[in-house]
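In the two complexes that follow, chain A is the common piece, with chain B as its partner first and chain C second.
Our next item is the complex of A and B:
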């Protein structure tokens, strides 16, 4: 069994009386494509926010490649190997496509304040390097020809790809993708699937995604966890999850489970 | 229609230049020249012609100023050409630099040496522009609304004011009675950068944990704290001399400049000795120019670095910026300290130039004025901050004063206009009394017709458009 990328141990988050995420534990192995699914309002995005530091869990631990990152700030988490995209695209819309990726490369752009003021050779070198890397990532996401355009001028699908390029500029080890295929047409989704696989195969990234497009989830994921009302109700290989009666019930309502006749126990 | 603009501009400019050469002191000709500057800058004409015509106009206006140093209209014309060099896109860099340098270092001094008001105006614009550029980093780029910005200006002014005057001897035993010699100003300009930046961090540390309106209110309060401190630190230890202020503040020696002016024969040319008053005005004009040059350079460099990009990212979306590994508080503090440093250095120069520092120069009104320069010019835009400061300064101490003088002359001579005898004009209508009103009206009109400012930064323009779009969509639902 390969190294553990993410070890989530019983994290819970309450908002007032509402338990948004309840005692969720799961483990993601390095270089795995892992999906988190569940009906609307199941707490998937809250769960992501707990792992990336936007919320602090009320209890539980998050361990990332052996390091406890529970309650760390989002910028610390980002600097230490976790990149993410947002469900409701949060690009810097008034910046160009290239600048968006350069912002992602912020911590890796090795220039001090005085390098900038004095335009030292180090400034020029770092700026050149950052731009080259950004263009490389844009090319990887097939956006290099639009580098000088404003991010707001991109189509919906392109904006989603740009968010991935921007997150990649952090040089992360793990990438959280929050509904990357939302709003994409079939062809774009196909294209996205190939790209996500390449991220794992070529860049060696671990990928955790939330997605509603079941066809995509089933075909791309190594393993899947299912959330409902903030609790994990199932986990396993795609075909196991697909035939799990509790999952079918969660998605289709009571009664549907009997017909599917799934016998696989949740992990 | 477009086809006629170029020949028309050409003819009009030629005519006004010839007119200027024939009848140098006529207001009509001056107005025509001003119109030419506008036409050449804004009309659709070939770039090479534009450069050439601007140069010809600059030369003509300089000649007029040399003949009649009090010719304000010619001066405004030159200012127009200068702004055009500074802002027009696709003007060759060589033309830009050559023309700008010539106007700043040849035209203005030629006239200024007999009419120090021009230097005064230049200094005033320079100081305000530096303040606007400082605030532009904070509000325009990083999006942090600071309503207490004058505090940093005050810190810079007091840094030199206290030690460059008899004041320091009041509370430090054995300090030279007259304060440090004026030449220490150069050292204290550097120190003022540091003290102002440190104050920026001290104010920023608590304030920058807040956002939006809360930040604005807290900075307003902390800015007032600095002024109130200056007002009250005359006891138990007399550090700031309280509301009376500190005077006289020493100024650097300008012997080198006097010698230079004598060497190039300025006294013969003007037919009178150049007194120390004018020499000092010239000196501070040059000093402010130098500093503003550095400030602009620093501003541009920061904007095109990882720091500038991080500031804009924070302004646009704090959560996304954090998810990109940008630490919010340190990055915001850096913006605060940078902006503070710009106004700190100008504070030290201001103290020396005025030879007087008092808390009255650093009121909330001053902070709001600086913010108005930035908003008027266009948030986040470097050119905008400079033009905003220039426009308001020219309006306040130039145009409104001219108008006021004009009304006074009318009143005294008792001219009748539209059947109304101007001698009966009530003194309440003196423009000095409604300077704020005019300023306010301009701001309101700007916000209605051009909310993104005179020279908007591209990014802000996009943000504004998006906001409008959303408002429209929201309205149609």
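Our next item is the complex of A and C:
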């Protein structure tokens, strides 16, 4: 068994009386494509927010490549190897496509006040390097020709790709994708699947995604965890999860488990 | 006065409005940048500006005593005063953020009125601390800038216009600062981070940017601009009191709203417009009303214009009409 990328141990988050995430434990191996699925309101995005530092868990631990990152701030987590995209796209809309990626590259750009004021060779070198890397990532996401346009001018699918490019600029080891295929047509989803696989195969990234498109989840994931009402109700290989009666019940309601063979996508 | 006379004094009026406008523009930037990153009207900024004026004044007093000057060249003296005021006011702004605003933010209070009231409190506090300082050091709170012949030297311009050396310097320094800021915001890593935090603080954090650091830097830059503007204001008006920040601060804030609060070019343009409104109304109001309304009504006229403008364009000149997310 390969190295553990993410080791989540009994993480719980309450909002007032509501337990949004309850005692969730799971392990993601390095270079795995791991999906988290579940009905609407199951706590998937809250779970992501707990892992990226937006919320602090009330109890439990999050270990990332052997390092305890529980309760670290979002910017610390981002600087230390976790990139993410958002369910509702959150690009810097008043910036150009290139600038969005450069912001992602922020921590890897070395510039002191001194360099900026005096335009030292180091300043020019750092600007050039950051820009070259950003263009590389845009090319990787097939957006390089639109680098100078405003992010808000991109189509929906392009904006989703730009979010991935921006997250990649952090040079992360693990990428969280929150519903990357939402609103995409079949063609775009196919294209996305290829890109996500390439991220893992070519860049060696570990990928954790939340997704509602079951066809995509089933075909792309190495393993899948299922959340319902904040608790993990199943985990395993795609075919195991698909035929798990509790999962079918969670999606289709009680009594459905007997009828639905589980071959068709619960939506 | 004949119509010809009124036209003849127009260029001089516009020029004076320009000087004032540049000062407002630099102060307005401090309001607009802080609003950009925090959504907060930093009422203490007018005092950061005033403290810059006091720091500049003290530099002139300490090192510019005509009897025994440490720095004899008034231009060099001005440069030193500007540097000290920029650093002093910048750090003052950072301290205010660190000890008054940040603790509130960390408590997660969503009510924007709370930091706003704190800002007003800090504003009064800084006024009174300066009053105590002025009383102890100068025995009164009117503080006079030293004047230097070299800075008061008058140049003749076309159209019967004149400008003093200090006016030339005010324009030069302001233009340099405004260009520098534009460059910083649009071209550098720090500028990108400031814009990112302005647009979406949480997403910026998830891109590895520490919002606390960027907010602190924003206060530093805004404060430094305010401090420089304070010295220029002191040169222009020579008399400084602990309350000298209040009215210019209010006008600069108004300029920021006029340009579209949160918008950097907007603050610059807003400041320049307000400077014109004020001097034009100050010069022409008495003539146009047969002396019934004197120059002292210039602020009333300037703000009346503002009220009318905002009625038709509430988001300001460069502001975007932001619709609430449903």
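Following the convention adopted for this analysis, the second predicted complex is superposed on the first by the 259 of 267 C-alpha atoms of A that agree within 3 Å, B and C clash if a C-alpha of one lies under 4 Å from a C-alpha of the other, contacts with A are read in each partner's own complex, and residues count from 1 in each chain.
The rule is short, and it goes like this: contacts are C-beta pairs under 8 Å (C-beta built on N, C-alpha and C of every residue); 3 or more make two chains touch, one makes a residue touch a chain.
The structure presented is a predicted model; accordingly, all values stated were derived computationally and were not measured.
On the superposed chain A, the positions of chain B and chain C overlap enough to count as a clash.
Once the two complexes are laid over each other on the shared chain, residue contacts for A:135 go to neither chain B nor chain C. In the superposition on chain A, contact is made by A:150 with chain B only, not with chain C. Once chain A of one complex is fitted onto chain A of the other, the partner contacts of A:63 are absent, as it touches neither chain B nor chain C. Once the two complexes are laid over each other on the shared chain, residue contacts for A:92 go to chain B and to chain C alike. Once chain A of one complex is fitted onto chain A of the other, the partner contacts of A:203 are absent, as it touches neither chain B nor chain C. By the touch criterion defined above, A:166 lies against chain B and chain C together after alignment on the C-alpha atoms of chain A. Of the two partners chain B and chain C, more chain A residues are in touch with B.
When both complexes are overlaid on chain A, the residue A:119 reaches chain B alone and has no touch with chain C. Comparing which residues of chain A touch chain B with which touch chain C, the overlap comprises 52, 54, 73-76, 78-79, 84, 86, 90, 92-95, 99, 102-104, 106-107, 109, 111, 116, 130, 166, 169-170.
Residues 52, 54, 73-76, 78-79, 83-84, 86, 90-95, 99, 102-107, 109, 111, 113, 116-117, 119, 123, 127, 130, 150, 152, 166-167, 169-170 of chain A touch chain B in their complex. Against chain A, in their complex, chain C makes its touches with residues 184, 188-190, 192-193, 195-196, 199-200, 202-211. The part of chain B that touches chain A in the complex is made up of residues 298, 301-302, 305-307, 309-310, 312-313, 316-317, 319-328, 334, 458-460, 462-463, 466.
Looking at the complex, you find that chain A touches chain C at residues 52-54, 73-79, 84, 86, 90, 92-95, 99, 102-104, 106-107, 109, 111, 116, 126, 130, 166, 169-170.
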